[in-house]
Amino acid sequence: MAWQSQFHGGLGDGAALVRRLWGCVKRMDSKMSGEVLMNAGEGGVVHVTLRHAGRLNAMSRTMWRQLRSVFEGIQASSARCVVMAGESGAFCAGGDISEYPGFRFDAAALRDFHENDVWGGLNAMLACDVPIVASISGACMGAGVEIASCCDVRVAGAAARFGAPIAKLGFPMAPREAQLVAAAVGETAARQMLLEAATFTAADMLARGFLSRVVPDDDVPAEALASARRIAALAPGAARMNKQVLRALKTPPALDGKAPAAIEMIVSGPHDPYAYADSAEHREGITAFLAKRPPVF
Amino acid sequence: MAWQSQFHGGLGDGAALVRRLWGCVKRMDSKMSGEVLMNAGEGGVVHVTLRHAGRLNAMSRTMWRQLRSVFEGIQASSARCVVMAGESGAFCAGGDISEYPGFRFDAAALRDFHENDVWGGLNAMLACDVPIVASISGACMGAGVEIASCCDVRVAGAAARFGAPIAKLGFPMAPREAQLVAAAVGETAARQMLLEAATFTAADMLARGFLSRVVPDDDVPAEALASARRIAALAPGAARMNKQVLRALKTPPALDGKAPAAIEMIVSGPHDPYAYADSAEHREGITAFLAKRPPVF
Amino acid sequence: MAWQSQFHGGLGDGAALVRRLWGCVKRMDSKMSGEVLMNAGEGGVVHVTLRHAGRLNAMSRTMWRQLRSVFEGIQASSARCVVMAGESGAFCAGGDISEYPGFRFDAAALRDFHENDVWGGLNAMLACDVPIVASISGACMGAGVEIASCCDVRVAGAAARFGAPIAKLGFPMAPREAQLVAAAVGETAARQMLLEAATFTAADMLARGFLSRVVPDDDVPAEALASARRIAALAPGAARMNKQVLRALKTPPALDGKAPAAIEMIVSGPHDPYAYADSAEHREGITAFLAKRPPVF
């Protein structure tokens, strides 16, 4: 069951939210391609769970769209805190590469995927005023790092692993995602992840300032929930205002179209950042991965 | 004695400074609400000390105003380095909450407090070209973290504690202060402090990149003074120029009023960041604290 | 031999590159003042080596200009990764102070040195889309930290030492260099380096997020090469695009000349950041160093 309908605790308008979200779900076909579960807990804590069985919760397009709907719903609710987790011992191993041949080799389709589906989901998280606690076990790679980067507090198990080894797949990180990840993990780790396909332990990522705390693997769900409950017991309006201010500090003021932010210049400027779609390198990376052979660049 | 009048060492215009500052002091009534002491040491080192007996040097409005006067005076002097400390085993435990019912529940008065008194003091520190060494023992919370964030070098004792648990008091951090603290402690720690009311050890804050060094508690004053003396023996003009450049890099260039910085948009924009003044949540937080009972949000 | 002419591996246009670079070399007289060596390795890895015998590879003006030529050449080539190192057990101990009396005490000449020679070299590194791995042994001070700050991955030996103790020499860090270093080492370490003339161990700089990894001193060349080979085996176009995006995120968009970046305001604004050239403090710092006596500021 993808979108569970019980809402307890401090969610005053939970019932209306559920009706709205349930409508979204009916329009989606998530049977084969994973799903983003939402489940209300006690005291205003909402649980959002990535589930893609057999793929370590890799994000499909459907899941990115569900992620957006879920967080738009949470933003419209009176939820006090979100716990973001993955099912079955992983947080999220990345994107669902099996879908990539269907759209990645066309620049317009590739842009649509990153700017609308992926960024739609991530931006809904970033735009959510409700605090989000990431509960990270196992693989937290690529899309997993991006999703974790949108969380406010990051609790990870000692055995969790982090990285974004997409250079093995023959493509760069999309600009908005690179900005998000570089700010969250720091430039040094971001360059190691992207250029060297380096992976990092939880201890590494604590030292890099990305993780809030590292706990024994078995304790991750309980520690993340404890963090969420602490947050949910504190002043909810103050939390939302703090998140709004920290977000606004990163948003350059509007200038009547005269001063676009650097990221808008990159995404919409004369050098299309998605022009690599049809490159031999990109095709080789994806094709080799799906053929289970090493790529030759 | 709040503003001690002896100036030794490299303070060429120290006598004139003292006369000017002494005039300020006479205009202030600091008997009941703490004080900010200034005392010239040897070799151009100036000692600034927060003192609020029985309140772990919590900052009163009077102290914020004194802080501004003290640092405006230091900036106008030939001081070579400042050691910033608190009295009696604490750095600063936060704001003086006993004063809050007098002004916090009115939006205009609240704005005046944060934009003029608090930011007046912090901005005088940030605008000071003379290097500042924080000597941090014990509690460094809320206003204490803000004051420490305006220092250049931060020396702390192993038992010092850091945080900004104002979510327990029902209010968010004011925008300029949030920008300052998030930049100094990093976004990860800032979100834990603000959303979870988390506190951190000195070892944590060293790892977060906030502290310059952690030393045994008994050694804090001597280590901070040693750092100040090292700084004071080096080229004073170069130090001032380095501080000016690092400050200017954070200051967006003027644009004929066409491109206000994000922080100005937040503070002066259509969504008043102080509109929460009269909220039930804010009243509950302050009231519960003063009544020594847990708040119910 | 300064510019070795053999190119192997994945450097498709290596021969043309070598011809062009060789022309540059003929126009330079680098006999007495150090040199920047370039040597192509296997698989698209290029080795760039700082060599200034007897001066721990301190950067002379000639070397800054060679650094620029080398990286402009690499950018125009099909190189896949650069290993940046110093000869004889040091990375780079700073600038070549013996040259300083010849130009530092005149503001225009000082500006020319920093804005054209030093920044010319550093900016060529920053503008290079080819990933750069720093292989850091021994002294990495001043100019060494600046050069390392332009690298993507930084591998250091346990005994390496880091700092920028130019306050001992009586001058501040030039604005563009200060922006570069503060972003790479963090504000806390930058202020300690510049104001306190503090030096840091490799472990310190790993904790500060500057270093990618610290290895036993004897293993530095092999570990840096292994990192470069990992990078060179991955998708080269993706690497270049990742570097382009991370660079563009730091570059404010053009505004028809209406919104210069803060750094341009500092460098070209009404307060000349090089006006200190003829100051007593500056002369004392340089003069005392060359006379091997302590400066008196």
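Chains: A, B and C, in written order; residue numbering restarts at 1 for each.
As a convention for this text, contacts are C-beta pairs under 8 Å (C-beta built on N, C-alpha and C of every residue); 3 or more make two chains touch, one makes a residue touch a chain.
Not measured: the values here are computed from a predicted model.
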{"item": "Same vs different contact residues, subunit A with subunit B, by half of numbers used", "value": "different"}
{"item": "Angle (degrees, nearest 5) of the CA superposition of subunit B onto subunit C", "value": "120"}
{"item": "Interchain centroid distance [CA atoms averaged], subunit A/subunit B, Å", "value": "36"}
{"item": "In subunit B, residues with contacts to at least two other chains", "value": "207, 209, 258-259"}
{"item": "Contact set on subunit A toward subunit B in their complex", "value": "131, 152-154, 183-184, 206-207, 209-212, 227, 230-231, 233-239, 241-243, 245-246, 248-253, 255-256, 258-259"}
{"item": "Subunit C-facing residues of subunit A, complex", "value": "166-173, 175, 178-179, 182, 186-192, 194-198, 207-209, 258-266, 273, 276, 279, 281-282, 284-285, 295, 297"}
